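What follows is a pair of complexes built around chain A, which joins chain B in one and chain C in the other.
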Partner chain A sequence: MTQSDPIFRLEGVTRRYGDLTALDGIDFVADDNAYIALLGPSGSGKTSLLRVIAGFETPDAGRIWFQGRDITDLPAHERGIGFVFQNFALFPHLTVFENVAFGLRNGAQTLSKAELTDRVRTSIDMVGLAGLEDRNPEQISGGQKQRVALARSLVMQPKLVLLDEPLGALDANLRERMQIELRSIRERLDVTFLHVTGSETEALAMGDKVAVLDAGRIIQYDTPDTIYDGPVVSDVAKFLNRFNLFDGTFKEGVFSGPFGALPVSNARKNNSDTYAIRYDRTQVFDAHDANLPGPALPVRFLASEYLGSSIIFLFETEGQKTVEVDHHLSLGEPRHLTVGERYTLSWDPEQAIVFGKETAR
Partner chain B sequence: MESKVLKPILAVYVGLFILFLYGPFIVLGILSFQQGPEGGPQFPIIEWSTYWYRHLFGLTPPSRIAPLPVGEALVRSLTLAFMTMVTATVLGVMAAQAFRKRFRGAGIVFYLIVLGMMVPGVLTGLGTSLLANNVVGVERHWWSTAFLAHVVYTFPFAFLVMLAILNRFDGSVEEASWSLGVSPMKTFRKVTFPLIFPGVLSAMLFAFTLSFDEFPRTLFASGRDQTLPLAIYGTFSVEIHPNIFAFGVMTTLFSFALLAVYGILMGLSVRRAKKMAMQEDIA
Partner chain C sequence: MTATSRIRQKKTTFRLLAPGVVWMILFLIAPIMMIVYVSFWTQTTFAINSSLTLDSWKNFFASEAYVGALWTTIRLWLIVLTLTFVIGYPAALYVGLMVKSKTISTVLLVLCVIPFWTSFLIRVLAWRPMLGKEGAINIILLKAGIIHTPIEVLLFSELSVIIGMTQIYVVFMVGPIAFMLGRIDHNIIEAARDLGAGFGRIFWKIIFPLSLPGVVVGAIFVSVMVLGEFATSGALSGRKVNLLGNIIVTQVGSLKWAMASVVGVILTILLGIVVAGFLRIVDLKREI
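Up next, the complex of A and B:
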């Protein structure tokens, strides 16, 4: 992507509800014409952030810039930012056509009847709902409602659309199809999508960029593969749900954890000492195998979970901590494991990421 | 075991309740068909007739019994009830809308509004008239002081109805409308109002019926020209004839007609969508 102006920018945006700080001085510069996924666990403030950008709520401090203009004090209806709700929020008393036409009919601009009809039809066609124009919202399925909500927003030709967990109310099958469609619809239009989700798979699959939100702060904003390979703090690694995380102590270049003490060449600054190794980079060995690629972690086998393309093995350490190993089936048949038996887990220490209160070197 | 004893008891209880609810009206209804002009407001029925209904509309030959002086009072009461209905509903919707945001002092204001319903009506009426006469110094009329008393009386009911409706109202459709560039005023007209309309109808019905047969507040506050309940009460002090009963039946039927209109409007706003669903299926 070429260097371009930010579509929107947040400067120290803070939002409090009584004693609770939902947004804690967020600074953020968004890429133009991109699909941005905003990943955060529940309670991280991701919906608050969206509502503040949309203008449904005012920040207690900070400024919001949109297309080079300060919109902090602008009411929602003058911002020109689209919003897609998790519950779709279709107008139940209007048909699909009238739902999509709503903004054109009742907004500030006046269109000729032909132009209005034309734009509404184009929008309805784009989301694949042609033929359903005269239905009422209660007569269409969840996936169709989702499309109406999207068409209703896009017909206004916004430069930014905020999507609040748009796939949360859909079943798994439909969710995957909508993921692909949302991406392709966005690519056809010159528009930025800011898609809020609590699902790390969704965020990594959909975003050109992923922003990770935790406790009211954006702790990392990068491409999905950069985030996947290099979470900047242990919390990001935790949300990604792809890492075995071990607590321990990190001192003078040595990390001591349940697998013993390891010299560590590089550590990232963090608020706790944590050792992270990806599920698919953790390997299983016999209990007394001497030929290990790295540290030895004694575990007991609990269960396995077949996922089609891979198998997840669940183990338990002596400290009752659950550890996962993701074995991709393209790497060959997995070894047979007996429930309750003891094994040793190991990995290449070069592939581990160490977070420490003090950094190495 | 328990239900075998409990069920019949409850059934009898419900039966008695309904009897006491409709008993008086049934008795009045029967007596309104008493023979006239000699027949009085008591059993037995001398002979069934529609004399008192005809008497009501001045269709009987003149007799010693004067026609019921309710014509003007009826018009007055209908006008007053209509004015009250419109005003109280508008205020009720606005107030309930305000309560969707927790403004400062919302709790206190809420209790002040609702506790107003507990003040005895006679005192409110007396207070209103004293206020008008002695403090402000204006004359009392059914369309001024009594109207004020009626609005104050019916407003909390309209407010509570709308509050219940708006409590269940999902505000995200309004936010969706704003995000489409539609101003809050227009959003209210095009989205909020159509969706809360059934509630508005209920509030209107409450306000109208409460105002239409309001007695204690109107007694002191209405001044010279009487409203219908006062006019009816006035005829009691002379002598009671079955023409009152005939009139009672007529006004009750009117109320039922009003309820029917309410029911139809309500049904229409709910059924419109379903009807369209059926057309789709046939097509």
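Up next, the complex of A and C:
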């Protein structure tokens, strides 16, 4: 492997199940030694992509390169890529120690007994499971199973570990703790994590880079803040779950939507005309306030949701569309709103992102 | 909990247990005690009386024929058990694990059960026209030119008994194993592959240990049925192969109740040892 080779690279990888195209010609170059989050809604082909990279399924077309080598035709057990399953897939008849030792005992390499014990213990210590070596998988908690699954992969010293919704089976508290631990464990080793998730918060929080997958294609691959601030298409904005999206028509530099017609200076190429403004950049005004920073969207107040550090206000437009406003409490106490009352929402048009079938200038 | 409610709960427990306990005493414990008791009765040529004696037991172990039947039973049981496992395991592996569709694997299991639509005796006797001197197998081999004189050892020999029993009981081995294999999470096998294990390693380290409870249940089924067998050996061995079961039948037929009881007790003890032995291999309570 030369220095310039990426850890892995996909070239037009396609996978079909009958009439269904799960992966549609994916091209992807992964960063070395990074935490990559793969975000996509269910059915977007996330798991298929992971299974193709791991070698559990063969792509119908395209090549997979790993450490500068074409591994498309290599069977799974010769690839040396770690895989952490959503349901952990621990060997139920083996102890924690034997689960972690499985790859070392049954793989291609032969180790001395002392070396094997040493590597297994190091791996178990790293995930914080020391003392549980002799337990059976049924005698440990969900979070501990997750750690065993991770230790079992990491003991093989892979350069790439695929994690299939690894936090999906854990409760909220544990999930946050594991997020931090997964990141710190990865940083201690020279290894790339490809973490598949359906949760946008998880993807943004964990990934050094985030790849957004939709309908079998990677539609954006960038750092979390770039994606957050500048989704390339409206679908990305939709998955991020942080934008109010309005359908409308975009013609000759003017976007017409539920808030009237607005001149727009810049639009991104998209397959529909959509206007996006972030929840936390949408502001609430009285129904007849004339002093607005931008367009006026008449709405009715529905409900609020207290999240501790911020409050989410839910409104409904005349077209029965729900609009969210995220008010961060560090910006001061929120104004008092009455359920059922009419208000006007507005925002700085400079902060909006416009997607159009035709692009402006 | 107060003392009265504890007593009431105890009473309820006993009431719920009572029907089962009565049933087991009437139809299991009492008959076994009876057989053990009768095995010590005094047998004369045409009569039996209840004065206790060890004569029947002594006769059994003094007779070469009877002890020989004990060894034949054990030998045939081990052969049939091995064959049902060797033939049944790969079939179960295919039905339970290799076939991805649950529907197809159910259909295949039902196909295994189709022979049971005919009576047990018919299935045994159907082997005669297959294995006979002028039977199907000999005709085919002669026509194909593989042999020039018919193979006579096929029927009315120990071989025909083994063939018959294996065919009849192999399905009891396939079923439980296929069931256990069907419960294995495919992710576990993929995890093993991902950790670098080839097919052989995965089979011996993951698949086989996880299917072991099925093997034990299947082995218990086959053992219990084969050890008590008399019909297959009666119909296919031409009376050359005598199992303990056959001896019981002939002794009962000539009203030798005491000797029949001795053989019955020995068979029961043998079965108890075999079943207990298998249950030591796996903890079935944990698996099911």
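By our rule, the second predicted complex is superposed on the first by the 356 of 361 C-alpha atoms of A that agree within 3 Å, B and C clash if a C-alpha of one lies under 4 Å from a C-alpha of the other, contacts with A are read in each partner's own complex, and residues count from 1 in each chain.
What we mean here is this: a residue touches a chain if its C-beta (ideal position, glycine included) is under 8 Å from a C-beta of that chain, and two chains touch if they have at least 3 such contacts.
Note that the structure is a prediction, hence the values are computed from the model and not measured.
With both complexes brought onto chain A, simultaneous placement of chain B and chain C is prevented by a clash. Once the two complexes are overlaid on the shared chain, A:143 sits clear of chain B and of chain C alike. When both complexes are overlaid on chain A, the residue A:106 reaches chain B and chain C alike.
Once the two complexes are overlaid on the shared chain, A:156 sits against chain B and chain C alike. By the touch criterion defined above, A:207 lies against neither chain B nor chain C after alignment on the C-alpha atoms of chain A.
Of the two partner chains placed by the overlay, neither chain B nor chain C lies in contact with A:40.
Contacts of A:89 after superposition on the shared chain: both chain B and chain C are touched.
When the two complexes are laid over each other on chain A, chain A has residues 54-56, 75-83, 85, 87, 89-93, 102-103, 106-108, 149, 152-153, 156 in contact with both chain B and chain C. Those residues of chain B whose C-beta lies close enough to touch chain A in the complex are 170, 172-173, 175-184, 186-187, 190-191, 194-195, 273, 276-277, 280. Listing the residues of chain C that touch chain A in their complex gives 185, 187-188, 190-198, 201-202, 205-206, 209-210. Considering their complex, residues 54-56, 75-83, 85, 87, 89-93, 102-103, 105-108, 149, 152-153, 156 of chain A touch chain C.
On the chain A side of its complex with chain B, the touching residues are 54-56, 75-83, 85, 87, 89-93, 102-103, 106-109, 134-136, 138-139, 149, 152-153, 156.
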